[in-house]
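Listed below are the structures to be examined.
Here come two complexes built around subunit A, the first alongside subunit B, the second alongside subunit C.
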Partner chain A sequence: MKSQESHPSALVDFLFQLADDELMVGHRNSEWLGVAPDIEEDVAFSSIAQDEIGHATFYYNLLEELHVAPSDVLAFERDSRSRRNARLVEAENGDWAGTIARHYFYDLFEQVRLSAILHSSYEPLAMGASKIIREERYHLLHMETWFKRLASGGEESRGKLLTAVDAIWGSLDDLFSLGEYAVTLVEAGIISKNAEQMRDEWISLLQPTFDEIGFCLPRIPMMSDGGRVGEHTVPLINLLDTMSEVYRLQPGAKW
Partner chain B sequence: MEKDTLYSDEALTSALMRALHDVKDPEIPAVSISELGMVYRVTVANGYGKVELLPTFVGCPALELIRNRVLASVRGLDGLVGIDVEFVMTKPWSSDRITPEGIRKLREFGIAAPLSNVKHRVAPPCPYCGAADTEIENLFGPTACRAIFYCKNCCQPFEGMKVV
Partner chain C sequence: MSDVRMKEFMERIERGQKIEATDWMPDEYRLLLLRLIHMHGVSEIMGAYPEKEWVPKAPTLRRKLSLLAKVQDEMGHGQLLLRVAEDLAAPLGKVRDDLITDIFTGKIKFHNVFHMEAPTWADAGIIGWLVDGAAIITQTALLDCSYGPYARVLKRICAEESFHMHHGESIILSLAEGTEAQRQMLQEALNRWWNSLMFFFGPTEVSDAASRMIYYRIRFKSNEALRQKFLSRYVPRIRAIGLTVPDANLYYDEAEQKWHYTEPDWEYFSNIVRKNQGPKSQERVQLRREAHEGNRWVRDALLHSQEKAVI
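Take a look at the complex of A and B:
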């Protein structure tokens, strides 16, 4: 990531945040294929995985156009230290309640972040965001429906959802971070909101759902840069191993 | 020298547009990509054609198939020197772009047309019996652009284009 003129570091770093988030959550979605609780969810999670990986491809293609590297190399050959996704999306799926809660939190964040780049000074990103946000609304609707359904589904499902929310909450610390170039990104108008503004907007979107189902909104953990500066957890290393297994057999192979 | 009007850029543009009317969607063979509103712009300059298409969904896996179909459909067009097919991400496709003819053909194929100006949670009328008494079965369907609904009148599940 050199050559400041052709691809400014701040923009490249931010595109990696967007791309890596979508690729990791898309891969986690694909792990439900064939083992989701019912056939509708097999269909839904395959479709959502396809959407997310499509969005990741869009962002990696922007990086390729900025002459960073070919998109397949960016998707499959970077180790965990160079990944810029939030730790929330690299964590293992856990049970169904954990999957739904994580995805719901992430989809709400996606609405906040995408709306903050709809008028990005980097025009290709703004235009892509206006297309992607329309698709993401379906993911959010689906996850919100499930989140409320689990909360009102009976003692067991409500209990599992509460446990999942508690467990996931601690890993929200780096979700809103804009990483190493946070100040530049906002100053250059690549994104219109900073981490604190995105966090507050996210809370204001989540609050009505928690009120409706009678959940108490815990305090958001202290913010950190975590995954946005390459500090990841073991599940990401395992995920990358699995995801790139076939790719590594013969890099550059055409399918 | 005057160019032969038969092969003028204007005539070639019209010929390209006509050819695109016969390029069927790989997943829904009843409708063409023109009827689905995927054709954004067709231009010809000095005999070189450019077809700009709007993917319905960013991650649509059928894009390369569609590109190859377009190339195959215009190959051999008299006067065309070259052709370029591009997918445009700078303008979002919307279900409002589907033409009235496209909507009719989708319905005949058993796929409900997207309702315009509605929230995502409203189910369209049944494409088989026309009843309005329908419900959402799954917001996600066999392809990214389709959802699954259920008709309470004829007791059948059916597919519909997502509203985007």
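Take a look at the complex of A and C:
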């Protein structure tokens, strides 16, 4: 099925969700360069950041192939209103516990979302997802290990992790949303699960970890479209200002 | 007894054999190596900071990825080198934590270039092209080092540094072929870095420590020989892309087969290195302090959770 022809706006909007999520999370990761808790983790985190930005590039390239615009224009020129990432990934890093908790929740979501596009009716996406999901599996293992270690790392560490989970939990409302074209996306088989199904699967994957470390799973906040329809927070505006600082000096120039 | 060991040690070195971490070695050899490798490792780590600032601002996805990978390599080199330094430091009762803490207590120096400002994107390019280019020259000169673990780690580091040089060169070429504003940004960055690059190779005269390192076959070439090599390699390239080397006195004397250049302000730069007095020294040392001390709880948590797992 040539879903890009029958549902171009839905597909384009969804590719933006994927691309913007990965770019923002990669950008936030890269902010840890040189300041991670130890040198070994600095190297590991940087690998993960490179993977995320590489995935973002893959999705922006798909948009470029659909003649939306060149990938760098899509990555660097769009303002916050046109971004489709979840608010979870635009938030500032906070401390190491906040960074790990956010990343763990996001990576778990990535497993759920990618598994729902492995057989996407849009073949280029399905092909990419099968490669990306293998890399994301390692990120998830890394983050899950850290999450459990921080939980069992003594009172201070566990306290910081609990505080981080509490703070992040409130910003999960738009993570599972498929945005403006949610119905079309599922009907056209671009993704095989809707928001509620993804949320439920995410919870079922998270529950065993929470049980193991003795954390209580809070109730998921009411779902909203938020970032998936361009409603973002100040940290994204600041992030975009930083990210496009050089790009904007000479728009259209070769760098 | 110790005379015999010393004699055997020097004979091994003179035969070109490598000394390994568990071999006997004179204290002087250990201390010279430790200072060299510790400083090298710390310079790699502190060298991440001027470029780290530009990762979030890199102007294309491709540049962002390559700069991120490059800075990661520098941190990785720091890690490899600190591992080598840890083995040398162990008999002295020093561990990794001490090697890092020495940075912000001022007990270990790092290269002058990493104390300097990198205010534009072109600086990120110049660092990759010329600072890494200079580092390749000093590091390849150590590849035959008599200490095996250092020589092996350097082999990998030099291979990666040459990728960095190409990464920097690619940024530079885009700017050099770009708009007038881009070319100007590039020339200004070169002007900013030139004196630091000349100082990077160190003083012209051979210091006591340097001559002892030559004696032990830790290093072989003088600072001046390395600086000359840098000039021969890069001055033609810099000119070929239409940039001007900001030194009116620079010329190559065919008869002497030697570059003449304006000497950097030795005192200014050595104060920067010895006292962390450069324009960005304190800010970057502070970043390292915060990374290390601010995240101590994380490392403690790891130890705590490992102990629990063992029990």
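For this structure, a couple of remarks:
One rule holds in what follows: the second predicted complex is superposed on the first by the 244 of 255 C-alpha atoms of A that agree within 3 Å, B and C clash if a C-alpha of one lies under 4 Å from a C-alpha of the other, contacts with A are read in each partner's own complex, and residues count from 1 in each chain.
Please note the rule applied: a residue touches a chain if its C-beta (ideal position, glycine included) is under 8 Å from a C-beta of that chain, and two chains touch if they have at least 3 such contacts.
Just so you know, these numbers come straight off a predicted model, no measurement behind them.
Shared-chain residue A:Y138: touches subunit B; no touch with subunit C. Looking at the shared chain after the overlay, A:G54 reaches both subunit B and subunit C.
In the overlay built on the shared chain, the residue A:S71 is in contact with subunit C alone; subunit B does not reach it.
Comparing subunit B with subunit C, more residues of subunit A are touched by C. Contact with subunit C, but none with subunit B, is seen for A:A253 once the two complexes are overlaid on the shared chain.
In the superposition on chain A, A:R149 contacts subunit C only, with no contact to subunit B. Once chain A of one complex is fitted onto chain A of the other, the partner contacts of A:V43 extend to both subunit B and subunit C.
Looking at the shared chain after the overlay, A:M127 reaches subunit B, while subunit C stays out of its contact range.
In the three-chain superposition model, subunit A touches both subunit B and subunit C at residues 40, 43, 46-47, 50, 53-54, 57. Residue ranges of subunit A in contact with subunit B, taken from their complex: 40, 43-44, 46-48, 50-55, 57-58, 123-124, 127-128, 130-132, 134-135, 137-138, 141-142.
Considering their complex, residues 57-61, 89-94, 120-121, 137-144, 148, 162, 164 of subunit B touch subunit A. Remark: subunit C residues 45, 48-49, 52, 54-65, 68-69, 71-72, 75-76, 78-79, 82, 121, 171, 174-175, 177-179, 181-182, 287-288, 290-291, 295, 297-302, 304-305, 308 touch subunit A in the complex. Across the complex, subunit A meets subunit C through its residues 27, 30-31, 33-40, 42-43, 46-47, 49-50, 53-54, 56-57, 60, 71-72, 75-76, 96, 148-150, 152-154, 156-157, 160, 239, 242-243, 245-247, 249-250, 253-255.
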